[in-house]
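What follows is a set of structures for review.
Two complexes come next, and they have one chain in common, chain A, joined by chain B in the first and chain C in the second.
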Partner chain A sequence: MATATALAPATREGAGAGRQNKKRYGGLRPWLFALPALAVYVTFLVYPAGTSLFFSFTNWDGLSPTYDIVGLANYEAMTKDPVVVQALLNNLVWTVVTIVVPVVIGLTLAILLNGKVRGKTPLRLLFYTPCVLPLVSIASIWGWLYNPDYGVINETLRAVGLGSLAQPWLGQDSTALAAVMVPAIWLRVGFPMLLYLAALQGIPAEQYEAATVDGATRSQQLWFITMPSLRPAHYIVLALSLIDSFKVFDMIYAMTYGGPGTATQVMGTWMYANVFQYYQAGYGTAIAVVITVIAVAVSIPYVLSQTKEHS
Partner chain B sequence: MTRSTWTRRGFLGLSAAAAVAGTAACTGTGTAGGTAGGAASGPASNNLRLFTYEDDTTIANLKAAVATFDSRNGTTTRVDSLPGSGAAVYPDKLRAELLGGSGPDIWRIWGGQIGAPFAKAKQAADLAPYYQKYGWDTKINTNAIAGMTFDGMKAGLPIVVAAIGAWYSKESMDKAGVSDTPKSYAELEEMNDKLVAAGITPCTLGGKYGWDVMRLFEYLLEVSAGPDLHDKLLSGEESWDRPEVVTAFTSFKKWQDKKWLPNGVLGLDPSDVETDYVSGKAAYTLTGTWTEAQGIQAAKKSSDDFGTFQLPTDQTPERHSGFVEGYMMSARSGNPDKAAALLDYLVTPDLQATLQITSSTVTGAEPDKSKLPLSYEWTEINKTSPFYTIQDQAFPKKTADQYFAIQSDVLQGKTSPADAAKAMQSAVSAMAKS
Partner chain C sequence: MSASAPGLAAAAALPDAVIGEDPLARRPRAKGGVVATIILSVVAIFWISPLLLLVTTGLRPLSDFVANGPLSWPTEWTWANFREAWGIGKFADTYRNSALLLVIKVPLGVLISAMLAFALAKLNMRFRRTVMFAVFLGLTIPIYITIVPVFIMLRSAGLTDNVLGLVGPYLAFGIPLEVLILQSFFRQIPDSIIESARIDGASEWRIFFTLVLPLSLPALVTVAILDAVATWNEFLFALIILSSDTNKTIPVGLLSFQGQFSNNNTGLAAGILIAVVPILIAYALLQRWIVGGLTAGAEKG
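Coming up: the complex of A and B.
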């Protein structure tokens, strides 16, 4: 009885806590709401990703109904593949350049276009338009611009007396990667600009008014009011840009096809070449797994540290 | 405070979404399975699908022809085309469709190492019973059939035996004072010099995908190595690390250094530059007979203003490069008999002419001399001149790409011709081992 008496309040407390938890977390109902999205997520992401991981341990050619398990042979082969080394280096260069340059330009444009500028709406539209253009069109347009003989870039250089600087931009190893990065930067400026503009418009005007009254200069206002207020936007822009840059494929595929030779190969194009063209799907999926691991490894610590700092 | 909370959540949400997107993109082969996909049509279906790479000049004719077949046979055939990409992209799309389970019943494909994987993976049906049923062995060029036979299996029905030669603008030649086509390699070099002196780019090619510039290198190799050795090099029976190959790479570099090729040739898209000889930006290109209908006449120009010649090799027999194209039928077609009937219909001589196939494998389907006089010239050349397989069909794609990377390094001066020959031998050895 004593036991029963002793347990009763605990049970009641437990039941109460359960009800509280149920009330707080909603019981099964949230899971039911999440179920459709979860099903889509598992079907179209988790399952294919798991399958890809599995195939990275096989010698599947990507077309035949049969394959053998080869263990870590594909990963071992990657360490001896000179194109993988070159692709990783290209990825690194691409990631740094196509994050830093568009973010800096996008931020600058956002600050300029957030002020009292005549025609800022059409200017915003103008700078954002490249983001919505089809990539293949952009690749074709820039391919023509870069044409060594009758492209606008070389024609202009010759017209202004700088003909010695005219180059076969996409046709030589030394300039091909940089030449593809230029349209990529042009394409990407609009995205950070848009996010920064939205964030800038959320900064209360009173802060600038108070700073002006206190005698703060424009650069002090930029440094001590604008930049700290943009920190959440920085997180989003950098994280998304990082992932987007690391998985680059389309721009390079459309403009240079990874060439000349293998000069502009990145991990994404090399994966594609192996899976779809060389009939080495096992090896190609091993490259895909490595890309994923690197992207996650690079992103997660940054995400965690910034979240912790912000909290 | 409210804003910071929302931002953190938003950030985490966006990060998660981005991670999902990133992971999805990075593991994009996920739909692949241990079993290959089948054709779109179900069992005994009268719905067929034909996948091809016809361009605007011929796709309407093909669709009209297929519609006629449908009306006679109670079928409904969808024709899809992916024009312009050449062998660099089309096989990838085809492969993805086959694996995705929506593959076509019939697809057009090149022979040699481009078509071989589809046969070896048993995606393509063995057409031997239909060869017998329709008598294709007697209707179709025997050499072409061999180009689509893999490990003894007749996996394709060839429709084209393409011959590669030089196609030129008479106006450009006249401007440069070139009165006759070259009869030796030395005369070809002399002609190039005259064209450059006249301010005309001699040979227009584009190296973006590799294959187009290979048309030049394989010719130079035929010149330096001769037919017997060239064939043995392609089959791996002889080492590439030898003087004849070094000579070919040296000549290859010479073509660029003497500006016989367009400036920045390695970065140019073949589809952008192939018809530069038609528009007057260059004197000639190395291509096949399709250029008469799809290049010259599509630009509303007369064949009379252009000419063609077989590249002189100074060898006996004097050969040109060539390749085979044809149709394969899916091993999983929902109605293989109707699909085979459609194939038989497509290789009737009249239809081959309607489809402007200017180098048909079909007996009696030679090009009309009055409409395609230049293509007809190649019909005559083909009677006496054998062909060797183009290098991107002679090698698996990976080896062909390595080959092109070596050629690219030679043109950029990053590799000497002697080192290129060694590197090529290394690539061919690796191919043989694998």
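Coming up: the complex of A and C.
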């Protein structure tokens, strides 16, 4: 930590010796400022999450006043639950696809928009539009597009003579998961596009000019100037997308409720079904604990990087 | 609060880079690009075609839709679908509930987050990094791990089926992102300014309210907008806590509306539009702030 940061508050106290190596804390005052937010955070996030962890060691049904502590039984049961295996797999597929595809499309759009194009602002506005809509409304819109009988997608296929491809996209095992990922991709392209575009704009034009003078081709410039400059943007995009992907719930709940059968179950919806439909709150919270632990574990490097001083 | 994640990128924002300046306007390349412009325009129209099709469907009579299909141009225009959907979807209630939640939650959330961010950035708080780590870790916690205990808490407080019951959980899940952005912004304020205010005898509260907050107005606006989007769109807590139709927020209300209108395409389209058009208008008006806030982080490099 830079000495300068430690200096400023120390002078306030008028303390003289030793302030270079011993940081002086602000006493109680900072905690008064911190208290309201920390109290809310602990009450409505930390404490409930901890309580869920406790419930996951019980056989509570969610309704009765009593329950027994059953140790790791819920976690053992998960290893024998084929839906949990499927949900974990779906979570994995969801995470990979809804990160990789939007990043590739977003980067492509950013590179195109960074070139010689008119009307960049309205174009950017249009591509980012889905990002501000509620997930539930996106689910409604796409559920409507996917409707097997009068939905736009099947109608379009019929109109261009591919009527044989028209099918109940959300209603069959083979296409349901892909069909719920498409709206998620639609929703998520805008964010990497904006970040990459800003990063591309930040590359000094002189770098390209110098490279041109040195005889570098366009593809060489893309590879040796553009791509390395995008590294910080890659990091932010991937970290944030990863954090977001593990939380998937709204879209699946609103579009398929995990169905047909269990084809689109993810950990979040399977947890919900166990708690509110099958009255197995203990088991349901154990599912939530597992996916939360995974989500937290993979995000720790990003979280740690954010606690450092940017000086 | 799924919409919140993009805002994280603003965490690394530099004060002068955050708002107002449109990064795209900086290096104009006026000439040429006709082919690229046409291709991108076609792709963009295709991209938002779901919304365009909703508009043509919502504005035509059901009979016209049934006879000609969703892809045809309407032969007749009508507002009747909107009138019908507004009443059946109870949008007057859901709009009121969502708006009430927004005006209570967003200012309160920004205020307490700013206070915590100020303590972390400028007051040399003990265990600073531990607190930061614990709070930022909240970004990664899915809402569904907390829903059972939160429901039990709110039920014993008599706050279920009441939009006010959502304020606490929404605040808690908004705090990590807001603190992350604001503390990194506050840190850019030179210590010397705060120091001289102290020498003049200003208290920490006075420094916070009359110096730090006004200097950080752009960041506060960005955080407030991101938080408003997340609050407006939140679904899971609202689904668990709110049960009667008149107490629901827009996302939950839209879902039950969708169930009732499954065979009335034009009415369904009108209802979806009622739910999203105000957001789209707000987005178009505020897009500069949203885009500026989101991209400031990436530019830092």
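Please note the rule applied: the second predicted complex is superposed on the first by the 252 of 311 C-alpha atoms of A that agree within 3 Å, B and C clash if a C-alpha of one lies under 4 Å from a C-alpha of the other, contacts with A are read in each partner's own complex, and residues count from 1 in each chain.
Note that a residue touches a chain if its C-beta (ideal position, glycine included) is under 8 Å from a C-beta of that chain, and two chains touch if they have at least 3 such contacts.
Note that the structure is a prediction, hence the values are computed from the model and not measured.
K.L.:
One more residue to check, A:256. First (chain B), second (chain C), both or neither?
P.N.:
A:256 sits against chain B, while chain C stays out of touch.
K.L.:
Tell me which partner A:270 touches in the superposition: chain B (first), chain C (second), both or neither.
P.N.:
It touches nothing on chain B or chain C.
K.L.:
First (chain B), second (chain C), both or neither: which does A:57 touch?
P.N.:
Neither partner.
K.L.:
Determine, under the contact definition given at the top, whether A:236 touches first (chain B), second (chain C), both, or neither.
P.N.:
After superposing on A, A:236 lies in contact with both chain B and chain C.
K.L.:
Now for A:283: first (chain B), second (chain C), both, or neither, which partner does it touch?
P.N.:
In the superposed model, A:283 contacts neither chain B nor chain C.
K.L.:
Go through the superposed model and pick first if A:173 touches only chain B, second if only chain C, both, or neither.
P.N.:
In the superposition, A:173 touches chain B alone.
K.L.:
Could you figure out whether chain B or chain C reaches more residues of chain A?
P.N.:
C
K.L.:
With both complexes superposed on chain A, which partner does A:295 reach: first (chain B), second (chain C), both or neither?
P.N.:
In the superposition, A:295 touches chain B and chain C alike.
K.L.:
Looking at the overlay, what does A:132 touch: chain B (first), chain C (second), both, or neither?
P.N.:
Once the two structures are laid over each other on A, A:132 reaches chain C alone.
K.L.:
Answer with first, second, both or neither: which of chain B and chain C does A:143 touch in the superposed model?
P.N.:
both
K.L.:
Would you mind listing the overlap between the chain B footprint and the chain C footprint on chain A?
P.N.:
Shared contact residues on chain A: 41, 44-45, 47-49, 51-52, 55, 62, 143-144, 150, 202, 232, 236, 240, 243-244, 246-247, 249, 268, 272, 275-276, 281, 284-285, 288-289, 291-292, 295-296, 299, 303, 306-307, 310.
K.L.:
Which chain A residues qualify as touching chain B in the complex?
P.N.:
Interface residues on the chain A side: 41, 44-45, 47-49, 51-53, 55, 60-67, 143-144, 146-150, 167-173, 176, 202, 232, 235-236, 239-240, 243-244, 246-247, 249, 256-257, 259-263, 268, 272-273, 275-281, 284-285, 288-289, 291-292, 295-296, 299, 303, 306-307, 310-311.
K.L.:
Which of the residues in chain C come into contact with chain A in the complex?
P.N.:
2-3, 5-6, 8-9, 11-12, 22-27, 29, 31-33, 36-37, 39-41, 43-45, 47-48, 50-51, 53-54, 65-66, 69-71, 112-113, 115-116, 118-120, 123-126, 129, 131-150, 153, 168-169, 171-173, 175-176, 179-180, 184, 187, 191-192, 194-195, 198, 204, 208, 229, 232-233, 235-236, 239-240, 250-252, 254-255, 258, 265, 268-269, 272, 275-276, 279-280, 283-284, 287, 290-291, 294-301
K.L.:
Could you pull out which chain A residues touch chain C in their complex?
P.N.:
4-5, 8-9, 11-12, 23-26, 29-31, 33-34, 36-38, 40-41, 43-49, 51-52, 55, 62, 109, 112-113, 115-121, 123-137, 140-145, 150-152, 155-156, 159, 186, 191, 194-199, 201-202, 205, 229, 232-233, 236, 240-241, 243-244, 246-247, 249-250, 253-254, 268, 271-272, 275-276, 281, 284-285, 288-289, 291-292, 295-296, 299-300, 303-304, 306-307, 309-310
K.L.:
So in the complex, which bits of chain B are touching chain A?
P.N.:
Residues 3-4, 7-8, 10-12, 14-15, 18-36, 88, 91-92, 95-96, 98-99, 117-118, 120-123, 201, 207-210, 262-269, 272, 281, 396-398, 401, 404-406, 408-409, 412, 414.
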